[in-house]
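Right, I'll just put the structure down here and ask away after.
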Amino acid sequence: MAVLTMSLCEMNEGQEADFYALLSEKQELTTRDGKPYYRVTFRDARREVGFPIWSDSALADPCRSEWTPGHFYKLRAVLRQSNYGPQLEIKKIRPVEDGDRQEGFDPLMCQPASRFDPVEMFAELINIVESRIENGPLRELVADILEQNREQLLVWPAAKKNHHAFVSGYLEHVLNVTRTSCHLAEKYGELYNDLDPPINKDVIVAGAVLHDIGKLRELATTPAGAEYTAAGCLIGHVLQGRDIVRETAVGRSIDPEILLRLEHVIVSHQRLPEWGAPKPPMTPEALIVHYADDLDAKMNMLVCVLKEDTTEGPVTSKRNAMAQQFYRGGL
Amino acid sequence: MAVLTMSLCEMNEGQEADFYALLSEKQELTTRDGKPYYRVTFRDARREVGFPIWSDSALADPCRSEWTPGHFYKLRAVLRQSNYGPQLEIKKIRPVEDGDRQEGFDPLMCQPASRFDPVEMFAELINIVESRIENGPLRELVADILEQNREQLLVWPAAKKNHHAFVSGYLEHVLNVTRTSCHLAEKYGELYNDLDPPINKDVIVAGAVLHDIGKLRELATTPAGAEYTAAGCLIGHVLQGRDIVRETAVGRSIDPEILLRLEHVIVSHQRLPEWGAPKPPMTPEALIVHYADDLDAKMNMLVCVLKEDTTEGPVTSKRNAMAQQFYRGGL
Amino acid sequence: MAVLTMSLCEMNEGQEADFYALLSEKQELTTRDGKPYYRVTFRDARREVGFPIWSDSALADPCRSEWTPGHFYKLRAVLRQSNYGPQLEIKKIRPVEDGDRQEGFDPLMCQPASRFDPVEMFAELINIVESRIENGPLRELVADILEQNREQLLVWPAAKKNHHAFVSGYLEHVLNVTRTSCHLAEKYGELYNDLDPPINKDVIVAGAVLHDIGKLRELATTPAGAEYTAAGCLIGHVLQGRDIVRETAVGRSIDPEILLRLEHVIVSHQRLPEWGAPKPPMTPEALIVHYADDLDAKMNMLVCVLKEDTTEGPVTSKRNAMAQQFYRGGL
Amino acid sequence: MAVLTMSLCEMNEGQEADFYALLSEKQELTTRDGKPYYRVTFRDARREVGFPIWSDSALADPCRSEWTPGHFYKLRAVLRQSNYGPQLEIKKIRPVEDGDRQEGFDPLMCQPASRFDPVEMFAELINIVESRIENGPLRELVADILEQNREQLLVWPAAKKNHHAFVSGYLEHVLNVTRTSCHLAEKYGELYNDLDPPINKDVIVAGAVLHDIGKLRELATTPAGAEYTAAGCLIGHVLQGRDIVRETAVGRSIDPEILLRLEHVIVSHQRLPEWGAPKPPMTPEALIVHYADDLDAKMNMLVCVLKEDTTEGPVTSKRNAMAQQFYRGGL
Amino acid sequence: MAVLTMSLCEMNEGQEADFYALLSEKQELTTRDGKPYYRVTFRDARREVGFPIWSDSALADPCRSEWTPGHFYKLRAVLRQSNYGPQLEIKKIRPVEDGDRQEGFDPLMCQPASRFDPVEMFAELINIVESRIENGPLRELVADILEQNREQLLVWPAAKKNHHAFVSGYLEHVLNVTRTSCHLAEKYGELYNDLDPPINKDVIVAGAVLHDIGKLRELATTPAGAEYTAAGCLIGHVLQGRDIVRETAVGRSIDPEILLRLEHVIVSHQRLPEWGAPKPPMTPEALIVHYADDLDAKMNMLVCVLKEDTTEGPVTSKRNAMAQQFYRGGL
Amino acid sequence: MAVLTMSLCEMNEGQEADFYALLSEKQELTTRDGKPYYRVTFRDARREVGFPIWSDSALADPCRSEWTPGHFYKLRAVLRQSNYGPQLEIKKIRPVEDGDRQEGFDPLMCQPASRFDPVEMFAELINIVESRIENGPLRELVADILEQNREQLLVWPAAKKNHHAFVSGYLEHVLNVTRTSCHLAEKYGELYNDLDPPINKDVIVAGAVLHDIGKLRELATTPAGAEYTAAGCLIGHVLQGRDIVRETAVGRSIDPEILLRLEHVIVSHQRLPEWGAPKPPMTPEALIVHYADDLDAKMNMLVCVLKEDTTEGPVTSKRNAMAQQFYRGGL
């Protein structure tokens, strides 16, 4: 019987298949009576399987000397349920080769990713910029920043961990924030239409689209996920995002007050100094983007906790990014 | 020449007119050389004028013995500009009489009020409840609470001070929060449609409408504005709002988990313990209502500061309810 | 030689006996070389013994398929000292049967419990209420709440963990707090006898007795100890305790100010918002109950740490509920 | 008609009398039109009267050149009610002379003082020490410290302001703390009689009596009230109190662990570092004295606020030593 | 007798002189009986005199209509001591004219200024840069930034208030910080000479010189002192200083890691987020500059408080920039 | 071939040698299949080696019954590299005997120690005291305290952990602090030479030398490192250091204000209450010593983290004494 080719995440218990996977971790351990062994983890976008390679196994030698974390492999294996969770009984394994791309291999298929199509999300973001920002120079600035970084933006995560920490998570988060900000800009612009100067909707939209743009410099992507860059650690995405705006604005005739308001949205979007904001929101525009951003991040964390927490009872444990319990339903 | 009847807030400098006003303050003071005098303040919905009544004035005696703070008066007076701001040169003054109501007097005309029509706001709120809450018993509960308190809700302020502290401010704030919450409920309900149990939009709408309902017991209204009740001071509107829901729910067949989720929205809507929340938001519903509420309150404070701060320079002073500076524009 | 029947906590090393015990924990583990085994824990009121059941043991099969955590068992076993602490060498084991109750089995004998007789504590509490609360309607309210919940109160713990987290711990804690509060009420009532209105001793006694009554709804008891209910997590015992008072007060002619002061004692008894108090103590009554409560809880924690901490040196470790070191004596 | 001799605090409106008073304050002020005048304040133990001495008064010259704040005067004056509160119409005034002591003058009669007799309070404190501290050397140490400082202790305040800031306030506060501590020592000593080492009641009593003894060095008394000494500012009474104990203990055969526990009670009695405690309570003895002390101080503040706050409504303002509102009664 | 020309700060009581002064403040006030008057303040570098201009004075009219705060005047006046402090009895007054510069007028003579010569301080700073920074491109970058901003730097204050808030205060502060940093760089570079990479002394010197360079954009100078710019309020000197470095570095071949370390010194020099640092010091260089900076600022505040506090007793009041008391000496 | 005698820290992989070592730890563990074994750690000044002694080893018996943690041993062993790090293959082992001292054994050779010679550091400290403190009685006080505690000071660590936690770490830290303080005293003494009273350089030097002197009582040294004493836990080195000064000052004619300033330097040197300072620095002297101390401690922590952190990437983990990341270099 021919062996099926499928994704690791689609395999059923007991099934044998050919699939591509990322070796995301390899640890050298030892049993208490002194025998060394390895614990390896293979993953694709939606399933992660970790298990031991004992020292008397035929795989022990290649595991020790050849398998490299962060590299991709083609495996033929059976998915076995054991007392310690699912394991892979490996029949064949070899590194991914150039020809595999033609067979359908894509590194992104081995990382968790947004449920939404990044190309569509990018297009929607561009569309919002084009249709909602009335001020020409500002609109062009924002659109150019997006287009110049299109390749990165399509795959970038929103963070290393905590929220939207997956492929295209950046776009998913920014699009959510931008949609909410557009709604609030309309609403509060109308509600307080006697304010002088009026609430600047262009700045709100531009600020929502660009508030996290510094992540492009704060993070670097690797097959195993995002890592902080040196400059990301020492300077941080809040300042780095403002740098991108200022560098791109050089030589353009952008109204200085509009540029200042946009920079301020970025600088203050995390609101509290202990959350990394050098200044609190001091304009209506900054206040709105902060709330839209904060809600989207917190909601994503809450949803992740509700999906992933494995404790029992009406509430989750408080060991999560928000350090609090959440209600999972039931009385 | 006939004297015009107009509002105090419509009078121009040097103009004489008949108008109704609230004596909002009366202080007994003394000059440094020992002469007693009074400082009185009259106000209507949009202007407040404070000035001295000297002891050698013909008004000195009635001011001391008859004028009562919190009472309404009909005045004929000239609005004079002086070195110490606008003053009233009073020609005639008498307490408001029963017949004045027929002439157009209404106590509410002497207090700051929402720019929006409370009857329309109430109707919109009821309409949202009727059209957006699918669960029958919950919908009836919310509608009944609104209808049973209609008279109070039409005039209630949202607070004694800080935000929406004016006639019908409660409705204005709650309607804003409810509209935003409806938008966010739709959006996040769709975004995380794989959550189990799903985000409960009914609870979000009900929670938005009722999150501040305890203000009806925390505050008492007086002609001069809102005051805290004893129970408001010792218990607080967060708990008192939940009381109203629980008391009204007695004898109704409301799903216990839905009721619990609604109570939790009220209990947690101020999020931090130091802001008065016994519990932080532990459900998606509570998280959304908190953000919609917090943004609306903060935006109103920001707008009030921008309108009222009298310092000069690009930013306001930090002596305001949010204890921070805001940018008023200009480089 | 006949096998003795005794409590697990009375057995000596090497002794064989028949006894009842709760299976409080059962974990499926595996040795590093891949062999599965179970680690089980049996306990009675004062001793807890945890040990492995190896996969080659005769007990391995019943352990895996039959033994259920939270259930009670009758065992015949020898208590052996090993390098890993005491272990049980099980000779016979079967689930507790109905007839065992006649032989003396009682589920409470397998949980840690107060050293004091709950029936006597309850009687003393009732006696204090009857003799110390002069105001008739208030006295009846408090007494009725106690009597209506007598069954639960006799066994309830004061908390899931931290302090008085054992059978009848609620009564032990509340009785301590009430005794201290009575003493302080007398003392400060006399000391500040010129206060107007005077310190209300009735409210102090009632507040001390009822300050934690919401624990009846916040917690649910199980054979293995207390768990939080959904409403306990989302609302909390502070609010739930006030609910019990308000629900029981419906239809009684209690002086509204006295009821308000009593509610305030409950609402504020944890003093700080970050400890869960929506309001700080704003009355002499609330201040006294807070201090009596806080001291009793802290003293119990301190005593538990001194008894249970296993580090060496003049002070304990700071890994305890109060996150600080305590002095155990010695220079 | 002969002029009566009475206390300032006993005079009725319109009454003329001879009395002794402290000139507690003298401020040089000026009216807005440039005329200088003085505002002076005279006080005795329970009444304080402040009023202006105008520059055209016959008293203007002696006021400027002779009257000295902190000095005592014999006055003949009428107590007049004015629009600015009570005032003194001075007929005669001269500094207190040596012979006045024979006539009944005592500086203490011009400062607010405890309602309790300091000699009796001191005797009760000595009696508690003698009867409650079983350990001989410790008992003698405590008694000696009291006796050696008897003169100061009889009049010392507990603080410059905030709580028990009046003549003999130290004794009143310490006696309250000691009584409560004795009660709690008995109660918890019995409750946790299985603790090893047992709760040391001797240390509790000694610690309660001496916890604030450093106030003798932190403060200096003046006719106008207490002032901080330089060492009080730079070192503080917590450390200075421990100094007194250590200096007095030199050459005595006190058990070192008992002395250490006593020092620790003093060092930790304010519990939190931001309240001035270098260490938190780490022993049962320190925990009990802290709670007894804190409750007594807070209760005194609360009572003072309730008596002195002049705002209206169900609660006081929050401008007081505890920065919070208190309930004064009424719904 | 000829009238002397001297500085305001050199005049003795009763002396008449010609001098230049800044009208630093003009307030319109009114006496309690309704008469308007002005309170004006004239100052030079080291003395400030404030006094009333009464409405019946010959100066009343020019004061109201001509005198402008922030403008400079030439006065002939007598310095009189009054009950309300020193006052000026003005004989002649006119605005400063162009010709006055030839007579010796300089706007800087009317503002408080550093006691040190700014030209010398600037030269010393340049000298340190030239002699201490070994890395060529870095040395040139720092020197160029100084030279390009020489005019401003010579007069700039270090802050609007709090510390070194006077003419050339920036140079005085930065020179102090740089000297201390040089000392510490030598010392710790030698002490930890085994660190890899070694402590970078060049970065320490450059960071010390440039840590506050953003003040050039955060503040704007006016005759009456410094004011915050809009960008200063919304972005802040920490980010603006890094901008200056990055903008000047464009097109230069500076080692990227050295530039990053220098940027990090600026970004982290206030250490805590609540003090405005987006990142804490994460390098030895940043740690040293932070400490040198913080000590110099705090020491200047302490010295200012000790010189200016006017309370009595061994310690100052706590109403100062550091919100604490300081010891002024004496027991 | 003769076996070499060398230090453990000098041995190469595979080398056999005779050496002295401290048994710093011995833990009784068990493999998952129930076999007991020991994990032992031997160390000298710069290398620590931990490894198992299996139950079937010839060393198992002596390990269990004879080897004592905190004792010194002479070993003959081979240093083997294994999968779990370096291990010792022990050929011979016996406790250190009296005669070994003659062979070169010294307990200090088995603990981590300062890289600097303690005798030289002590001499330099004495020299600074003698040459820098002008006030005779103060100089003698400081010198006497040093000389009286010379034996201890030569070996004392600065702390149990965190910073300078090694033999002679106390001297290394105090010497650094004193050198920096001398520099700052000169500089700020000159800069603010108009301060009255002037900055007291003697107090700065004395305070720097003695700020941590209480460590002599807070800590006790053991072969395995420092431990807290009971008094250290309950009172703390800040108070204990002041005790040493006060006790030594008895009977000397030291100017009281100088003594007070010196005590204040000690009391306030940790600045914040939560860091253990009963008072903040209130004098220039205390401010300088605090900064010199804090920088030296933090710099040592930073250096230790950079040397010891084993994570990868541009920054360290935040699991260290300062709870933050540090930059280790590289982009």
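Letters are used for the chains, namely A, B, C, D, E and F, taken in the order the chains are written, and counting of residues starts over at 1 for each.
Please note the rule applied: a contact is a pair of C-beta atoms (placed from the backbone, for glycine too) under 8 Å apart; a residue touches a chain by one contact, two chains touch by 3 or more.
Remember, predicted model here, so these are calculated numbers, not experimental data.
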item	value
Touch-network distance, chain B to chain F, counted in steps	2
Candidate from C-D, A-C or A-E with the same interface as C-F, over half of contact pairs in common	A-C
Winner on C-beta contact pairs when C-D is weighed against B-E	C-D
Numbering shared by both copies at the chain F-chain A contact, with half separating same from different	different
Rounded Å distance, chain C centre to chain E centre (Cα mean)	63
Mean-CA-position distance for chain F and chain E (Å)	42
Distance from chain F to chain D - Cα centre to Cα centre, in angstrom	46
Touching two or more other chains - residue numbers and ranges from chain F	30-33, 230-231, 233-234, 257, 260-261, 264, 282-283, 315, 325, 327, 330-331
Chain contact graph, described as a line, ring, star, complete graph or other shape	other
Pairs of chains, among all present, that meet the touch criterion	A-B, A-C, A-E, A-F, B-C, B-D, B-E, C-D, C-F, D-E, D-F, E-F
Residue ranges of chain C touching chain B (in the complex, touch as defined)	230-231, 233-236, 238-239, 242-243, 246, 257, 260-261, 263-264, 267, 272-274, 276, 278-279, 282-283
Partner chain C, residues of chain D touching it in the complex	176, 179-180, 183-184, 187-188, 191-192, 195, 197, 256-257, 260-261, 264, 280, 282-284, 287-288, 291, 294-295, 298-299, 302-303, 306-307, 315, 324-327, 329-331
Residue numbers on chain B that touch chain E, as the complex places them	29-33, 35, 37, 52, 54, 83-84, 313-315, 325, 327, 330-331
Of all residues in chain D, those that touch chain E in their complex	28, 30-34, 36, 227-231, 233-234
